[in-house]
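Got a structure for you, written out below as structure tokens; questions coming shortly.
Chain lettering (A, B, C and D) follows the sequence in which the chains are written, and residue indices restart at 1 in each chain.
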Amino acid sequence: MSAEDRVASTTQETRRVRVHRFKRDDGPAHVDEHEVPVGARTTVLEALRWIQLHEDATLALRHSCFHASCGTCGVRVNGRERLACVTPLADVGGGTVTVEPIANLPVLNDLVVDMTSFVERFPEAHAIVRDSEFLPQADVPVDLGAFERFEDCIECGLCLSACPVSATDDSYVGPAALAFAQRMLEEDPGTVDRDALLDWADQDTAAWRCHAAFECTEACPSNVRPAQRIMALRKDLRRRRRDQGRAIPEVGSEDPT
Amino acid sequence: MSERRTEDQTPSGVEEILRVRSAEGPVERKSPGPTAWFDVRRRGTGHFAFSLNRITGLGLVFYLYLHLAVLSQLLGGEAAWNGFLETATTPLFLGLDVLLVFGLLAHGLNGLRVALIGSGFVPNRQKALFYTLMTFGAILLIYSAIHVFTAEG
Amino acid sequence: MQAPAQDPRAPTGEPNRSRTWRWTALTGVALLLLVTIHMVAHHFVVEAVGGLRTYQHVLDYIANPVIFVIESIFLVVITIHAMLGLRSVLFDFGLSDRHKQLVSKGLVGLGVVTVAYGFVLIGVLASRA
Amino acid sequence: MRRSSPHVLIIGGGGTGGALAHDLALRGMQVTLVERGEFTSGTTGRHHGLLHSGARYAVNDKESAVECIEENTLLRHIAPGSFEENDGLFVAITDEDMAYLPAFLAGCEETGIRTQVLQPDEALRLEPMLNPELKVAVRVPDATMDAMRMPLRFFATAKANGAVLLNYVDVTDLERGGGVVTGARVRDVVTGRESTIGADLVVNATGPWSEQVAHMAGVDVPIRPSPGVMLAVRGRLCNMVVNRLHASGDGDIVVPQRALSVVGTSSWVVEDPDDLGVPQDHVQRMIDEGSMLVPAVREAPFRSAWSAARPLIGSKDDADSGRELSRTFKTIDHAVDDGLEGFVTITGGKGTTLRGMAEVCADVVGRKLGVDEPCRTRETVLLPHTAVFAA
């Protein structure tokens, strides 16, 4: 839908929004319900902000950019991973809407998760700028080198939340970190220690723990396609092994003993 | 600077907040583990496939040992074995046989998908592959069920 | 052959998953074939309700050298696959590195016992034919 | 026992507060920063991400223009890897735009902003999606920043240097006694508990909320929350920042950002910076004006439309549009203006000038607290944004 079509639609009604609440001093988590006035293009984030402003100022949530560029407002809407800022209530079916924090990370407060352990999964401080692959017909000025742009991954954690292996096994580094590693290998800015990165990925808590559910790719709001990148990473790992002339080891050497 | 209040007041408020926040206990965290397999709020095909693989896998390991235990009857000679055969051909046990075939097909065919995709074949068509293999499995399951219940000596 | 530099982030004492993943996949694909053979041979070619064999049928069957070899391979492959799968499931419980090692060792032991038991079973039956 | 250094409490976790925390921490002061929500959730994170060359202000607001080009150069140096360094174009579409060109070039010359005049065919070679009707384009050193991650690098570095940064801590009141602000009453949103944070000096760095916080201390600040609407469409329609070559107006910029293009921005004035709304006519204006620069804006799939409140300096009596209010910043020592000790307000400005604002404010803070340390933020390279999450 173009922006103009969005502007044209402005019906007004209300939606029942159920919000996950958790405060440390208030005991276990519970759900609050609110009746929120919505227009045709009211987003989940706007609904949550309305609740903050008009009904409960103690509701805590993360948000920053409001246009799917910062990745802070990731939540689960009716059980599916979404960026609240670009998810119109009209797009998540009719009836009651349930908003929960993303899964597989500690919940600090209401809808706020602690991103520390998400960031710690990444192999190293990572570049956020890369060459732009858009507008290939553009004639880049000599003094610029190449047009560049920000990485697609906005570190929202939705892929980690959607991953069934991460839901089960906390030691798995998860899709975002592996997708990042693959991008660094694919578009090496010349600063990458490739062997160290491949060693990092070649672990039973990394590339080989993925079970090809592809839920990360489904969840990603930024078209990073982490699952495909994990598969590409495995290809890199196999190629390295082949290049190093390693034969498939004996069964006996397989076992961890 | 005589009214500087740093030492007596500053830390109190800040440190109290920091202390409470860094306390281990009251952070809500669904403990990870196999309960996630049964999380019905996760409705994705991929999650279903993963859970199915885990559950059928465990079921098949259980069956493997059940099977080996049952086969020990063979060591007891003809009478022991033929006695077992009578129980094993009751409709209940035949139904369990069909369940076994279901487990083998679900685990085997989804495992084939994971192996094919995980080793670089068909990287972008995982859903189509899943549905194709599951459809194939369903046909085989129906055929097997009919066979198990109708094959007469 | 030069070993790659040790990555400080890599946990120590861990087997390399790329091998276990590979072996799970390889044995899994082999099992597709072996299970099919096993199921068809036992349940779909025998003309009886449920396709089960009588005692004598079983003895004759296992005495066939080709069957004996196939069943032996089946036994080993399915045990490896089952132990690797169990290991993966048990690791889902978020074990410490030490417990992971214990689990791995325990499963090697269980696998050896399972295969040994299977061979005793096959051997005894084949000898009775 | 060594007497500990003075403690400064910064209210507001936007770009200004973060940069100030960084500056004060480098000067060896004890710093606590409180933010009622997530860092950069108020205005900072919502802006379109333009790293101003200053050319936008080169004609009407030369002070801002000079600030911008200085900070533009500095930030690239201290926050490498945080910008899409693709420059920007000022594009003339109408004869009226062309009439603005001489003044624009003169203003840039005067304020030290490097320019390169491009004929339409040259500009279209650079940016094929530009309006083919363009008459001329001027290349300037604009860039795109990640509106959250670039400021977070100041937070990250401040934290590494010992500043205590507390998000989800809401200031409910300011503690006063004998004409001195002595700290703040706060409510920890995480627990719901209330407590008091004492400080030798409290800095109000709450941008468009400055007025509300100043009222807690019983003083007034000449700030007007002036929101603007922005529109993001899918597709990276250009690689360079595309500006309209005319006096500042609505919908006059297209900022590429990741695989999106952000069109900004309108301007009006509100009382409550929390209750903005997204007026439909403003969104329509973004589409209409944005497609004057890059026609594909009209057809591109919608991604988001939102509002962000700027803190513009002016008085209640100024014009309603907010455009005429100054874009530069102001540090107010309330001891001078209102006879209230221990309270400083830093406000105004823009994302590009966050470091410079912090430097000026930190000079004032240092003078008031007797800390004679020079500013070191010009040469201190910032940590990556992820370090803000480090335990």
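For this structure, a couple of remarks:
Simple rule for what comes next: a contact is a pair of C-beta atoms (placed from the backbone, for glycine too) under 8 Å apart; a residue touches a chain by one contact, two chains touch by 3 or more.
From a predicted model like this one, the values you see are computed outputs, not experimental measurements.
Chains that touch both chain A and chain B are the following: C, D. Among the other chains, the CA centroid farthest from that of chain B is the one of D. Of the two chain pairs considered here, B-C and A-D, the higher C-beta contact count falls to A-D. In this view the innermost chain, defined by its CA centroid being closest to the centroid of all protein CA atoms, is A.
Centre-to-centre separation of chain C and chain D, using mean CA positions: 63 Å. Centre-to-centre, using mean CA coordinates, chain B is 18 Å away from chain C. The distance from the centre of chain A to the centre of chain D, each centre being the mean of the chain's C-alpha atoms, comes to 27 Å. Averaged C-alpha coordinates give centres for chain B and chain D that are 51 Å from one another.
Taken residue by residue, chain C touches two or more other chains at 21, 92, 94, whereas all remaining positions touch fewer. Touching two or more other chains at once are residues 24-25, 108, 168-170, 238 of chain A. Multi-chain contact residues of chain B (touching two or more other chains): 20-21, 32-34, 54, 114, 118-119. Screening every pair of chains for touch gives A-B, A-C, A-D, B-C, B-D.
Interface residues of chain C, counted against chain A in their complex, comprise 1, 4-7, 9-11, 14-23, 80, 91-92, 94, 100-101, 104-105, 108. By the touch criterion given at the top, residues 31-34, 54, 57-58, 60-61, 64-65, 68, 71-72, 74-75, 77-78, 81-82, 85, 88-89, 93-94, 97, 101, 104, 108, 111-112, 114-115, 118-119, 147-148, 151-153 of chain B touch chain C in their complex. Of all residues in chain A, only 123, 168-171, 195-196, 198-200, 202-209, 237-238, 241, 244-246, 248-249, 251, 254-257 touch chain C in the complex they form. Across the complex, chain A meets chain D through its residues 1-7, 10, 23-26, 41, 43, 53, 58, 60-70, 72, 85-86, 108-109, 112, 115-116, 118-120, 122, 125-129, 132, 134-135, 137-141, 144, 147-152, 154-155, 222-223.
Of all residues in chain D, those touching chain B in their complex are 3-7, 30, 32, 164, 166, 169, 180, 182-183, 186, 188, 190-191, 193, 195-200, 369-370.
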